[in-house]
Structures are given as structure tokens and as C-alpha cells.
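These are the structures in question, set out in turn.
Both of the next two complexes hold chain A, though its partner changes from chain B to chain C.
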Partner chain A sequence: MHRLYVLPTLLINVVIIAIPALLTVMLAFFEWDGISDPIFVGLDNFRALWGDSVFWRALGNNVIWTIIFLIVPIAMGLLAATMMLVARRSANFFQVIYFLPVIIATAITGRVWQGMIYSPVTGITGLVQRLGIDLANPLTETSSALYGIAVVDLWHWWGFLCVIFFAALRQVRAEQIEAARVEGATFLQTIRYVLLPGIMPTITLMMIMTVIWSFLVFDFVYILTQGGPAYSSEVLSTFAYRSAFYDLAVGKAAAISVVISLFGLAATVLYIRVQAKEFDQ
Partner chain B sequence: MKKTQLLIATALMVTVSHTALSQAALAQDRVTWWYEQATPDQQKLIQDHIVGPFNSANPDEALTVDYRGSELDKQLRVAMLSGNGPDVVYTAGPSYVAPMAQSGQLMPLDDYAAKYGWQERILPVFLKMGEYKGKLYALPKTYETVGLFYNKTLFEKNGWQAPKTLDELEKTADAMMQAGITPFAAGNADWRGANEWFVTLALNAVAGPDNLNKALRGDMPWTAEPFVKSIDRLNGWWQKGYFGKNYFSLTSSEQTADMLASGRAGMMPSGTWQFQNVATYSKKAGSEAGFVGFPSASGDPVFPLGVGSTFSIAAKAKNADGAAAVINYVFSPEVYGTMNSAWQGEWNIPLKDISNVKMASEVTPLFTETMKNLSAAVNQGNYGYTTWTFLPPATDSYLINGIEEVWLKKISTQDFLTKLDASFQKEAKAGKAPAVPAR
Partner chain C sequence: MSLSESRLTRFIVHVTLAVLLLITLFPIALMIVNSLKPSAEIVQNPLSFPSDLRWDNFVRAWSDANFGRTLANSALLTGLTILLVCSTGSLTAYVLARRKIRTWKILTFYLLASTTAPIQLFLFPLYFGFARFGLINNPVAVAFIYTAVYSPFAIMLLRTYFLAVPKELEEAALIDGASHWQVFARVFLPIVSPGILTVALIIGLYSWNEFLIATTFLQGQDQLTAVVSFFLLSGQYSSDWGVIMAAALIIVLPIVILFVLLQRRFIDGMAGGSVKG
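For the complex of A and B:
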């Protein structure tokens, strides 16, 4: 009888997640314009992706994105969180400040950066240009577009990690920190030998989630550059979106989505294994 | 006690009037129409000039317009697939009609065309464009063209003439570059599709409409010499800096119109949809704007023809007759006059005879004049082709993104055209290419 309790969530999961996911995997083997009847084409969609330079660029951009987000926001978050731990009194104030960008809608954040900072007409870039300094809008150069978007996402994102890490740090037992201090540990040594090991599970989880989220990134890229100029900031999700809704190649889009899911799946497997190891200990 | 009685009486009255209302609504046949993005002011225009007058003129029908925003196309596709779409199917252009007609989601309109006499009232080219396998499936709502806006005040001050040939265009543009003026006010920050306006102009001006017609019918590959020359010439303009250094940062509509009106740019290759912005910003800057057909190699202006949106009726429409009545109502001189005056360029309905149309007095003569020229050019069969109207979806999407790769030197003109041609041939073979009227 108690097994019935899982039924509602199971039902929602099957209808909203399992069935669409299965359909997507199936569609990856079909050619479909989203309107007429799908035609089975076997591995053709994957073969086409293999030979498509845009696909490789998008995949490469996702990898670069993942590396950036594994390092920069986590480092920033950890640094700010430990500093808040020291300056307990102002911690609440800083938490609010750091967290603020997280709660602003992505579309608004994107437009603010595009219009007020990057735009050569209405933004700070324009102001600098008018002062005679040759500064280009980073979103318009193929060499910097992806990084220009990453800066916006970092600004929006790192505060979240900071608050999570701060919450975890506060769970580290006070006696341990006290003991370290009594033993004569410096601030850096306390971080290295007490705080960081204390919150390692949280850091691991955040890193694994970062890998999954980085392969799903869509909103900021789509709002700021739509993958351009000349595909330079294309990521897998914007590529899939364009394939499905502009090129009417839903099968190809499904194939790209399957690739995205594979990376997410790998990260999930890794997470489960890490977790299992912790339970064993 | 009295309070309770009052409450009961009110409740009863509300129920009775509600029932009466719903019965009245039942007596009418609902016609549904999903519209794209529209501002509250624009929605009011549709309400005042289409929905209101239509419902009073047809007491048996009740037209409701549902605003679906910029995602209309995607919503429509899903709804049509499940058979729950609106009666009036409003697509973004003929390239969307072919796949829908192909899979039997649309109703042939030939009987309604005969009943309402559409053949006599609508420009024949457009009826041809709405055909799929010999049957009529769609009517275009508005037609448009791309040409060259220029800052007349600036031109007069510098003694420049509106260019007629491509060589003249380049000479004027070079003079502007020397004077520190950006030749073309252009940008794509808000609309990547703006890229194809310039590709369209180059293809029509250099290769010419005849070659385009052959390519669109599959009689000539896109890798042929005339198209190579077109893309090379366009790329030459880009490399010389005609498009300015902020192309990817500027919005295609307002910021470019501002640039032209203020004299920071001398010319603006753009479409008839820009008239309203040009008028607004010219007034603000105190300058006068001009508009000419885009220069060509021969010196005769080319007017590439574009269709904004189309009307069809869903095969599973609950009220097909009502939907046909609505479409018929839109194709009237009254709607043309009121809507095209208030919302210029977006309601340029392709009527054969617009001599009875009354336009509002505040419409600029430049706009009215241009639309007359375009209508005459179309009537004489002397028009070019816009890529967004005549190319199938994936080919068009590649054209928009691929041209950036050419401009930014990631690929050559040949690579670009080879990929474009491969995509076109594949889609044409699958029956996804829109109809192209014979020349």
C-alpha cells in the first residue's frame, strides 16, 4: 500500500520527462520538419553532424564554457564565502548584494548588459569610444563574443555559488576551526586543511552540476548574440534550437539534444559514483 | 434577512444575464485567428478597424483575435499537428505555407476565391505565390520591397545625386567614407535576418531577377557566375567598411534610422517597413529623407518583391466559412486605407485596384509614392525576388548565418554558395520550396 505514495511523482515524471525524452531519442533517427510525417533515416543525422563544422565549433564552445565555469565562479564564490566567514557582521549585507543578480530575470540582465554596457551607441563601450579609445563591443568580434557572453553569465551566476558555499562553510564545526587556531594555523592553512575539506561534497556537487548546466546553456547566448557573429558563439543548445525552429530539421535538432544529454549523463554517472564512494567511507 | 434576499436576487440576475449572453454567443459562430506580436496600440488598431467592423457587418460571426507574440509560428505548428489550431492560419510567409499544404493541414481556397471573386481583386502574382501543386492555399497579407533610403539634406549639402548604377553607388559611398560619414546605416543586433536584406539587394542588383528566377526554379545552380559576382561585390562593400564598424551592435530599425536622419550615415539599404521610423527620426533631426529603387548594373532600379505574412484556412477549421469571410473582409479598400495609414508597411494588402483607397493625411507622400511604384512594377512583371519570400526555410537560415562567415573571412564566396546550393537542392527535392511565378 505504501508504494502507492510514489505514484503521483512517478506519473508526472513519466509524462513530462520520460516520454518526451524517449521521443527525442527516437526522433534523432528520423528526418522530420515538424509538420509532415517523419522518415526513418538511421544514423544519417549523426553522420551529418560529424561532418558539420558548426557542430564542432558549438561543441568546442561548450567545452570552453564548461572550463570557464568550473574555475572562475567557483573560485570567486569560495573566496567571497570565506571572506564573509571572517567578516561575520557584514555577511548578511554582502550575501544580499552578491545574490541580487541571480534573482534578476535572464532576459533583463542580458538586455541591460547589451544596451547599457556593451552597446557602442547607448552603453559604456560607446562612452569609451567617444573619449577616443578604440574599444570594440566584445559581442561583435568572432574572437571575443563567447567570452563577452560568459562575463554576463558569470556576473549573474557567481553570487549563487557564493551563497551556497557560505551556507556549507557555516556547517563546518566550530570546534575544528577553533582547534586549528589553537594549533597555530594561519588563515590560509585553516582554509586549506579545515574549511575546504569540510565542504568538499558541496564543491563536488556544484562542479558536477556546472558541467551539466554548461552543456545546457542557452538563454544568455540566445539573447546576446544568437550564436553569432558567424557562428563564433554558437553552443549546442542554440544550434539545436535553430535547427528545429528555423531550418525545420527537427531530427537533426533531436540528434544534437542527444549529444547534449550524453555529456549530462556522463556527469551524472560520475556524481553517483562519487556519492557511492562517500557512503562507503 | 433583507441582505440575504438581495444577494439571492443579484445572484439570480447575474445567472440569467450570463445565460442570455452565452446563448447569444452560441447563436454566433466563433472564428478564431492567432496573430503575431503586436503592441497594445497595434492591437487596438486591429480591434477598431478589423474585428469591430467585421463583427457588426456579419452578425452571425464572432471574430476573436488571439495575440501569440513572436512564438506564433512554433505554437501554430504544434497546434496544427494536433488539429487544435485556429480557423484563420496566419503564417510568417509563403515558405511556411508549402510544408503545411504538403502535409494536408490547410484547406484549398479555390472555391472561396471563386465565391468572393478574389481573382479579380487581388494582384495575380500573389495568388500564384500562394499556390501549391496547382491549388490556392494562401493569400499574402502585405507585400514589401527593399531599396535605398538616403539623407536628402546631406546629399544636397554635398552635391551628391541619388545613385542609379552600382558604380555611382560605390563612388558616392567612397566620397562619404572620405568625409567620415558611414555610407550605409545598417545593423543586425535585434534581427539577424537583416543580413539577408543586403544579400537580396546584391543578388537582384548584380545577378538580376532573370537569373534569380532560373535559380529559384532549379534551372541554374546557385554556384553560377552571376551569383558569385553578387556575393563578391557585396563582400567588397563590407570589406571597404560601407556597413560601418558597429553593424553587429546596432538595431536594424530604430538606431539605423536615427543614424541616417542625423547624417552620421548617408544611405540606408532597407525595406518599406522602415518608412515609419525614417519619418519619425527625420522629423526629430530636422532632415529630409529620400527613397529610390536600389541601383543596378544597368541603371534601372530593381524592386525585390517580398511577402510579409499569409492567410490560410486550417483543414480542420471549425468555422471555415467564417474564416473565409474574415480573409475576404481584410482584402477590402477600407481595411487597406485605415490599417495601412495607421500602421504603414505592415498592411500593404495586394489589391489590384487601390484608386478608391482613402489614406490618412499624415502619411508621408514618399511612402504612398513608393507603394504606387512598387504596385506598378509588380503589375508589369518587373520585379525582383527577396530571399525570405522565395527560399525554403533551411536555405534561408543558412544564407543569413553563412554571409557573416563570408564577411568575417571564415569562408570563401564559393564555399558559401556551394553550401547554399546543396541546401536549396535538398529542400527543393523534398517539395519545400515556395511557388515562383513565371516571368
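For the complex of A and C:
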């Protein structure tokens, strides 16, 4: 009887995600413009990607993105979260403010940074230029476009990690911390030897999620640069999106999607193992 | 728990937290200040306060972004998604929490895996499939996509609320002759309703802000969501940035007010499941 209860969820999920996902894997071996009949081409799509410099650029950018996001927002989140333990009464106030960027739509955050900060006409960059300081719009330089986007995503994202780490830190047992303090541990030693080990499972989970999310990053790249200038900020997801909808090379897009999924797969296996543990209790 | 520290440590801590606070608030402040300025003043100095408050920006933003229509579209899409996720999700969460079916483990694995599936893995066949069935520009169809994407998260969160319901309550109701459906609807639902509210808020936030799926599947002028309409408006080269910031505020303000009023629910809900002990 209870099998019927899970039917709506399962039906929606299978029709929207599972079946199209399987079709994507199949389409990766076909040439298809989205309208006419697909033509089987074997591994041609993957071979074409192998020789495509834009593909390698996008893949490299995803790897750079992963490294940045494994370090900067996690460090910022941990720093602020441990400090919020000291701030005590004002901690909730800081937490609410830090979380604000998380709840603002990516399209809006992207445009505020683009127009009010990066723009040489209407933004802070322009203001600084008029003061005589040589400062370029990071989004229009091939050398800095990716980092310009990453800064926006960092601003949007780090508060989420901070709030999660803060919640985890508050669950560290008070006796452990007191014991450390009685034995004369300094603030930094307490963090290093008691607090960080205490929330290690949470940090690990967030790092796994960071790897998964970093290969999915789409919104800010698409909104701020569309992968430009000259593909310098292209990532795999925008590359796939453009291939499918602008070039109507759906087979190629599917092949890129398969690559994205393969990179996420290892992290996904880890994620499921970590998450599934609590279901066995 | 909390730490008590020396005065110097507390000073350094507060300065650091304040710097992070300024970094967080700076772009938001720019959005608010410039939403009340004429274009010329923004070009002159984006940091200056408006010489006189230009409320007219909001009027123009409302008509330029067609908010009368697009906000209603967003509200409809968000409401529909909340309804679908909460109804289908609470049924599944109940079954998973109580292990009512033998395949609960497989189902859990499947749902966990689908939370990490990249949208690109299913987007392209879904789009061309929907196109074939005439489902592009159909908000109901998009609500179903959102439901598929957000349900696993909602189910995992709701499951913890169902787990907290005492087994004795369920047994007592069954002994009294209640059917399984009645147990679910009359015993469980009222107890887990705070969880459902939390899920509704978070799923509502996600759907309201969602960009990639909305911009792909809802492209007709009359079907655009508020966020996509804002994106298109702000992408025009000739646009007035005072008006763009006003439009941004119109979309953000209801969310921020809700968030400040119900912060615990948002934060605990979004962080839920991420804190490992």
C-alpha cells in the first residue's frame, strides 16, 4: 500500500531527471540538431572535444574554480564562524547579515556587481579610473575574467558555509573546550586542537559538495561574461549550454554533460556514502 | 556553546567580523542607494547619496520589467512548486522515515544521487522533448521540473521531522482503527507542519530566484519570471542603472523581509542535513 505514497515523487523524478539523463548519455554518441533524426557517430563527439582548445580551457577553468572554492570560502566561513563563538550575543546578528547574499537571486547579484562595481562607466572601477588610478574592468580582460566572476560567487556563497560551520561549532561539547582551556590552551590552540577536529565531518561534507558544485557552476558565468572574452572564462556548463542552444550541436553538448557528470561522480559517491550513514542508524 | 576570551582577542574578533560585515553589505548598499538616483548621478559617482530621491525609478522599473505580469508569473510558479514539493515530498518522507517499503534504501540512494546530478545532464533532452510536446512557455511544466530538482532535498529535510514523531502515537491510532492514510493525514501531518512550512519557505526561495531553467523554458514575453525579465532588462546596453537597481530591489525586498522575519526557519532549513556530528 505504502508503495503508492512514493509514486508521485518517483514518477516526476524519473520523467524529468532519470530518463532525460539516460537520453543525454545516449545522445553523446549521436550528432543531433534537436529537430531532425539523430545520426550515430560513435565516439566522434568525444574525439572532437579532445582536440578542442575551448573544451580544455573550460575544463581547466572548472579545476581552477574548484581549487579556489575549496580554499577561500571555506577558510572565510571557518574564520568567521569561530569568531562568532567569541562574539556570543551579537553572533546571530552577524549570521543573518552574512546570509543575506545567499538569498538574493544570482541574476541580481551578478548585475549589481557588473554595473555598480566592475563597470568602468557606472561602477566603482570607473570612479577609481577617474581618480587617475589604472584599474581595468576584470570581466573584460582575458587574464582576469574568471577571477572577476569567482569574486562575485564568493561574495554570494561564503555566508552559507559560515552559517553551517557556526551551527556545527555550537554542537562541539562544552566540556571538551573547557578541558582544553583549563590545561592552558590559547584561543588559536583551542581552534586547532578542539574545534576544527570537532567539526571535521561537516568540513569534509562541505568540501565534497564544493567539488560537485564547482563542476556545475553556471549562473554567474552565463550572466557576467557568457564565457568570454575569447572563451577565457568558459566553464563546462556554459560550453555545453551554448553548444546545445546556440550552435544546435546537441550531441556535442551531451558529450560535455557526460564529462561534467564523470567529474562529479567520484565526489557524488563520497557524498552518498557520507549522507547514507545516518540512514542506517 | 561559546568562548570567553581576553579583551584583545575580543577586539580583534569584532574588527574582523565588522570588516566581513562591510564586505557583505557594500554591494547591497550600492543597490539601494543607486536605485534612487538618476542615471547621470550614477555615472558621476556610484558612491554618492542621491541629491534628491528619485522614486520615479521604481515606477519605470515596474513598467520596463513588466512586473505587473512577471511578478505574478513568478508567484504562480513559486506557489505551484511549493504545493507540488510539499504534497509529494511529505508522502515520500513519511515512507522513508518509517521504512514502510522494503526498497527504502534503494530509493534513498536514488534520491541522494539525483540531488548531485548536474542540470546539464538532463536539460537538453528535456528541452527538446518538451518542445515536441508543446510544453515550452508552460509554467506548470516548469513547476514540475522544479519539483523534480528540489524534491530530494525537501524529502531529506522532511524525513528528519517525521523521524521525530513518537512511534506510540502511530500505533495507538492504528489500534483505534485508523487507516494508514488517516494516520498519515491526521496524526503525522499536524505534527510535522513546522517542517513543511520550513520546506515551503526554502523551496519558495529557490523557485523565486531560479535562473537557468526559467530562462531556458520560459521565453515568451508573457511567461517570463521576474528574475528573467530583470536579467533581460539589465542586459540592454541603453538601460538606466537607476531603474535596473530599482527593479532589483522590487524582486529582492519581499524575500529579504520574509527572511528577516523567519530567519531561524530559513537558516536551520538550508543548513539542515549539512551539519555532521
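Definition applied: the second predicted complex is superposed on the first by the 258 of 281 C-alpha atoms of A that agree within 3 Å, B and C clash if a C-alpha of one lies under 4 Å from a C-alpha of the other, contacts with A are read in each partner's own complex, and residues count from 1 in each chain.
Going forward, a contact is a pair of C-beta atoms (placed from the backbone, for glycine too) under 8 Å apart; a residue touches a chain by one contact, two chains touch by 3 or more.
In this text, all values refer to a predicted model and were calculated from it rather than measured experimentally.
Student: Should chain B and chain C be called a clash or a fit once both complexes are overlaid on chain A?
Tutor: clash
Student: Which of the two partners, first being chain B and second being chain C, lies in contact with A:79: first, second, both, or neither?
Tutor: second
Student: Using the superposition on chain A described above, determine whether A:146 touches chain B (first), chain C (second), both, or neither.
Tutor: neither
Student: Identify the partner contact of A:103: answer first if only chain B is touched, second if only chain C is, both if each is, neither if none is.
Tutor: second
Student: Figure out whether A:226 sits in contact with chain B (first) or chain C (second), or with both, or with neither.
Tutor: It touches chain B, and chain C stays clear.
Student: Looking at chain A, which partner touches more of its residues: chain C or chain B?
Tutor: The partner with more contacted residues on chain A is C.
Student: Would you sort A:16 into first (chain B), second (chain C), both or neither based on which partner it touches?
Tutor: Only chain C; A:16 stays clear of chain B.
Student: Who does A:194 touch here: chain B (first), chain C (second), both, or neither?
Tutor: In the superposed model, A:194 contacts neither chain B nor chain C.
Student: Looking at the overlay, does A:206 come into contact with chain B only (first), chain C only (second), both, or neither?
Tutor: A:206 sits against chain C, while chain B stays out of touch.
Student: In the superposed arrangement, does A:245 touch chain B (first), chain C (second), both or neither?
Tutor: After superposing on A, A:245 lies in contact with both chain B and chain C.
Student: Who does A:275 touch here: chain B (first), chain C (second), both, or neither?
Tutor: After superposition on chain A, A:275 lies in contact with chain C alone.
Student: Between 22-30, 40-48 or 130-138, which run of chain C pushes into chain B after the superposition?
Tutor: The overlap with chain B comes from chain C residues 130-138.
Student: Touching chain B and also chain C: which chain A residues?
Tutor: 34, 121, 245
Student: Which residues of chain A touch chain C in their complex?
Tutor: Counting only chain A, the residues touching chain C are 1-3, 5-6, 8-10, 12-13, 15-21, 23-24, 27, 34, 76, 79-80, 83-88, 90-91, 94-109, 111-113, 115-117, 121-124, 126-127, 155, 159-160, 163-164, 167-174, 177, 187, 190, 201-202, 204-206, 209, 212, 215-216, 218-219, 222-223, 236-237, 240-241, 244-245, 250, 253-254, 256-258, 260-261, 264, 267-268, 271-272, 274-276, 279.
Student: Which positions of chain B touch chain A when the two form their complex?
Tutor: So the residues of chain B in touch with chain A come to 73-74, 77, 80-81, 99-100, 102-103, 105, 189, 192, 245-250, 255, 393-394, 397-398, 401, 404-405, 407-408, 410, 432.
Student: Could you pull out which chain A residues touch chain B in their complex?
Tutor: Of all residues in chain A, those touching chain B are 33-37, 114, 118-121, 125, 136-137, 139-140, 142, 226-232, 242, 245-249.
Student: With touch defined as at the start, can you tell me which chain C residues reach chain A in the complex?
Tutor: Result: residues 1-5, 9-10, 13-14, 16-17, 20-21, 23-25, 27-28, 30-31, 34, 42-43, 45-47, 84, 87-89, 91-92, 94-96, 100-101, 105, 107-114, 116-129, 131, 144-145, 147-149, 151-152, 155-156, 180, 184, 205, 208-209, 211-212, 216, 227-228, 230-231, 234, 241, 244-245, 248, 251-252, 255-256, 259-260, 263, 266-268, 270-271, 273-277 of chain C touch chain A.
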